[in-house]
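Read the structure below first, then the notes.
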């Protein structure tokens, strides 16, 4: 979907403006409506700030209505009945549409426990998380009291809104809502970047199946043509980068042991900052390697 | 079982000597018998050399009889009927007594294909191999011609004999039939050996299940009290060493990301030399690590 | 001096064109004159190619005259009498105007030995060399025969011309005659780029004094704002990069030994490719460090 | 000089015992005399403890007499008049007998400033120091008050005594007064220890000349046959280890740049614990290297 230009939004009728931004906050067009009068906006950041202010200044009842307008996470019944396109895409992106039985059960327990305690759905900006880190977030938030959780939930709702705005509206400086993950392979045996190394990025999952989320091959600079993840938040969670270095050194006719000492090198690491820039390189010979968190 | 002292063997009657060493070569006491007259032996190496010479100088028929005295690998029927204690221990050590269905099928194909082509069982010194490398060895040997395979098989039989002698007889310098695998963890964040790091050594398996073969915790010197493998050959194959560094740095109150960037560090490597000394250390901070093949 | 725009050169009278490029080849305006008729040139590379072709197609006498139009290296008498501005700048850039007595003596021996054997001056593109590597180049070339040396010398003369053109004419894609040397410092103790590290780049000299050729301090990205060398060839030679990491870790209140284990870290390396891109980073904790040739 | 056996000392007449140990504490046989009656000693540690107790329990006057029995450091007049053999050996070991003019001047200032303030000579156990660290120790101690300095001085005197005892008497467990410094070179290009690497250990000196204090060549294990320093304290100070790796890789016919990127690798580090075990290895390819403080 082509993003709408902010200048167009500034020029539209109030009704059209509200229609375009009705679902930036889930099922809550009143937020766009209240922000409309503050036009023109010089950038997406200003638009987001205006909408966020509307939420902050709303009455407790409206704020609670906003919260309750959100669906449960990974709820089969609600999915069958239909989610908004945004909610659906967000949940699917995190893999919540293809959970194992154990995972479904875990999410159902989460939703029920949370709703039982607070009376509103457990909401988290899933695009910043893996399934595992959603469950970890839940466990940290469940002990909170209601006042804390209302604040925390509105914060997550604003994060969801920011990501929707970033996708759907263009204009001015881009919101700092995305991260990137990159790598490169340096052949310290030959003193050169290593081209042609197959790389796999796997999201590790405690309850369900691990999942390959990117494949790439290093180019002449030992880098990948695109970052492994970019243009979206880096989901908090556990990952493995896998580098197929065995065939590379074999092709260079370097003397190797049989089988080669190193063949597929795994690097397991966690992502903690969804908006961060994370560089995880590999320095490698047939007999040694190293990695570090770079930026 | 206590090893027999070589001096005792030198002093025994010929009949007792032969009885003690009857099964150094599977079901073939004639080898010990022929070697008995060359006593006294100054060391186990001299005893092995004498027995090996008997094999080398035997007639083609006797050599073939020696070969055919060996069981198939991982053959259920033969296992049920009973193997020699040595064969049984050797095969079990490599995990051939607890194969997955896919593995049983693979081994049955191997045995049949080999026997069909050569007319004698496929023999390999399994204590020098993992299941995967047995199958790899088979694939390399099957294209050979019969003359090559008879030589190759007798070589493996002598390796089996050497390992049995090393276990069962003591005296003189020890045979160079064993290897060791060791590790240590150096905390380059603190500039000190890292104590208390839980380490797991896993044998990786292409067809069946991966298998934990050693667990250890680093001591005050960042080393394990015992090598991870020692006193036996290092089975050729693929391995993963796993270092639990997350709790170590957390306990030191080092500022970490949440979740910590590194928690369980896997190092995957191959063993290629069963009689080698292999040292695979970890140099680690909360944000970087390196390893190398040391000795 | 502002470079001349190639479009202007293309549009000028032949006399002005020749005047502007008279000294691209030392004291040899006939080369520009012969190239003038091939205008217009679409880029500096095409201009250089045309001038180079003139040299290649010239008669042996003219080629020898071109060679003999060059001054000796580091010759006091000639310096006193006056070099062309280009020659002077090139020789001074390599430090040939401030040689130690031992160095002067060495260069005089070189010039004399070379002239005695070949009957023309020893010529090398000094901007691609340090003093040490000039002397090394001489030692390698002196055993050549005259025909080889004439070719080799014309090659050097064309390199000198290429660098003069790159400085004096702009237009089209830039000539690949320059390199760059860069560094960065990664603090693997903290998992971050290290800002504020003082860096010194020293040219090491076998006969004379070592010479600081760049100083910089790392910025927030752990890099220097400018490459340590750029916009010119990297002179072949021996170098030391010096990183002052002691105060950095002390300021972070990291527990250190007294005196700190590491304080000023020297990395000695050679530059071999004047037109190359060389990156020499430092990965460092208070107790360990590493470096590698990157690109 | 052959150390005296502790059993012999235990058995000797009191007069002989005192004669043998008269100079363990400089010009102060009364300490040996008071300790003699506590014989027999089960080890050198017990003997040292007894002598130390004598010092601790002595009257202030006797303690001051002990202090004043010591010579100045690096004092030419006193050297000409003659030091005890022990003092002379200790000062010479630290290079105090061959100071530059600047160093003599510095030491003279130290001695005078100290004596002027406290009325007794500045005493430090020089075998635990380099010249630079003696001057650094002085600067830290000069601001102390007299009571502090008397304690500090007696502590140094007991360190001197411990080292003399360790050299001159054998028996029981050895005193923990010595350290060692070792290295090894691992060729991570070939995955093996690197033999034949020439190593130089240099003591760096701020005021005077740097000084080579050990040379070695790596053996088949990539180690030196002896530690670089052992059997004595590691003098606190700044050092450079220099590894000549260029010829090693050239001899292996590894493709290298010209000149080779790495040739002589310097590692500069400080020693802070004279009684420590310090291991400073080199992991190296033709294009990269790393080091760390090991133990």
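Chains: A, B, C and D, in written order; residue numbering restarts at 1 for each.
Note that in this section contacts are C-beta pairs under 8 Å (C-beta built on N, C-alpha and C of every residue); 3 or more make two chains touch, one makes a residue touch a chain.
Note that the coordinates shown come from a computational prediction; the quantities given were computed from them, not determined experimentally.
Undergrad: By CA centroid distance, what chain is farthest from chain D?
TA: Using the mean of the C-alpha atoms as each chain's centre, the farthest one from chain D is A.
Undergrad: Same or different for chain A and chain C, when you check if over half of the residue numbers at their contact belong to both copies?
TA: Same: when the shared numbers are divided by all numbers used, the fraction is over half.
Undergrad: Per the centroid of Cα atoms for each chain, what is the distance between chain A and chain C, given in Å?
TA: 48
Undergrad: Between chain A and chain D, tell me the centre distance in angstrom, where each centre is the average of that chain's C-alpha atoms.
TA: Roughly 59 Å separates the two chain centres.
Undergrad: Residues of chain D that contact two or more other chains, please.
TA: 188, 191, 257, 261, 283, 287-288, 290, 292-293 - these are the residues of chain D that touch more than one other chain.
Undergrad: If you connect every pair of chains that touch, what shape comes out? Choose line, ring, star, complete or other.
TA: complete
Undergrad: Give every residue of chain D touching chain C within the complex, in rising order.
TA: Checking each residue of chain D against chain C gives 133, 136, 236-238, 257-266, 268-270, 272-273, 283, 287-293.
Undergrad: Where on chain D is chain A touching in the complex?
TA: Chain D residues touching chain A: 188-191, 255, 257, 261, 283, 285-288, 290.
Undergrad: Spell out the part of chain D that touches chain B in their complex, as residue ranges.
TA: Against chain B, chain D makes touches at 186, 188, 191-193, 221, 283, 290, 292-295.
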